[in-house]
Amino acid sequence: MLLEIVCDPIDLRSIESAVLAPGCGGIVSFCGTVRERADDGRAVEGLRYEAHEAMARASFREIADEVRATMPEVRLAIVHRIGALNVGEIAVAVVAAAPHRAEAFAAARFAIDALKERSPIWKQERYCDGERLWLENRCGEEPR
Amino acid sequence: MLLEIVCDPIDLRSIESAVLAPGCGGIVSFCGTVRERADDGRAVEGLRYEAHEAMARASFREIADEVRATMPEVRLAIVHRIGALNVGEIAVAVVAAAPHRAEAFAAARFAIDALKERSPIWKQERYCDGERLWLENRCGEEPR
Amino acid sequence: MPVVRLVAFARLRELLGEPRAIALPEGAKVGDLWETLVREEPRVTALARGLRFARNEALCDAETPLREGDEISLLPPFGGG
Amino acid sequence: MPVVRLVAFARLRELLGEPRAIALPEGAKVGDLWETLVREEPRVTALARGLRFARNEALCDAETPLREGDEISLLPPFGGG
């Protein structure tokens, strides 16, 4: 299990390599990237993430433990970047490998939903017009 | 939309690059790889895929059209390799990019399930003991 | 005597060979082509379960009439992905 | 007079500054720390909605007593992913 908060750009391929095992036939990767437009259409210059790093890593371990409890064959990675990110860069990567695809999809979806809900990570959207806004995840609503 | 049957190794990163647009904040990739053991535990030497290439490409277009009809913001790629594959190599890649993750997950899952059910592609498992077996997808059952 | 191109896949390709031309009596249907193949290679009988046919890249059924130059594909149950 | 380390995040970090030590009266609870901060910087009042507290990296509530050397984190609603 690769569970990390990182400051440098995320290399999805190396995460997938770390997770993939010869017994895994299906691998599902979710990758959240910085969009060029906010939900309200405003041009985005970039994002800034910060985290309570120790608590965020602990939440990743808790999520991984829950996945393991229900889907012991799944191999999981959760990596979230913090600091300043530009449009198009990867903010978060969740990779789940499993012998069969149903578990890989279920684990990846569960992990990203759980991360958004319970990992102490914060996102500031920085707009091209100069404004900066701390955004909250809308939990229990339609997922973003 | 990148919809292809290929003979050469699949480069997932280049498929993701082709699909990703600055407006897409979530990208889900499903990647099916050759497992080292069959469901019955037998050691696998490799797989051989063949396809009715024209009909398979047409089925990919049909799947992409159905995704577009219900989720117009999704950008989709479906690439399946044919010929001889070794353990660990990628047989199929489905990549779905969307402004939000729910659509990306739904589109990727729909596309791989639909491909397994309706794309004229055949898989021969080649075991280390010398036996070769053409395998059928179990449609309507627990997905592999 | 329509001449059609027969294309078989997977185990059926192994038994029936690579794509080839095959002549059938006037008025023959896709099902008659299958019967001809069963006589030629009885081992294909075991592969009838789940078999689908396509005429010129479109799924069809055993009642579809054969026309000169048609490409008839024999599609066993799929295994992609 | 327990001295605790205050760590705030996101908008609260912008208003309250980087991590620092803060002294509180004997018997003070996490909620008393928050009240102290509201007096110090009234603009944090608007950020009480959805706010969570952690003591030494474990979630806690306003009734949790403060002890010397505790690290108290102020966690606004999360925005990761």
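The chains carry the letters A, B, C and D, assigned in the order they are written, with residues numbered from 1 in each.
Keep in mind that, in the parts below, a contact is a pair of C-beta atoms (placed from the backbone, for glycine too) under 8 Å apart; a residue touches a chain by one contact, two chains touch by 3 or more.
Since this is a predicted model, take the numbers as computed values, not measurements.
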Fewest touching-chain hops separating chain B from chain D: 2
Chain A-chain D separation of Cα centroids, rounded to whole Å: 27
Geometric centre distance via CA averages, chain B-chain A, whole Å: 23
Centroid spacing, where centroids are CA-atom means, of chain A and chain C in whole angstrom: 49
Euclidean distance of C-alpha centroids - chain C vs chain D, Å: 75
Of all residues in chain A, the ones touching two or more other chains: 32, 112, 144
Contacts with 2+ other chains: residues of chain C: none
Chain-chain contacts as defined at top: A-B, A-D, B-C
Of all residues in chain B, those that touch chain A in their complex: 12-13, 16, 20, 22-37, 87-88, 99-102, 104-105, 108-109, 112, 142-144
Chain A-touching residues of chain D, taken from the complex the two chains share: 7, 9-11, 13, 50, 54, 57, 73, 75-81
Interface residues, chain B side, partner chain C - complex: 32, 49-52, 54-56, 58, 80, 91-92, 112, 115-124, 134-137, 144
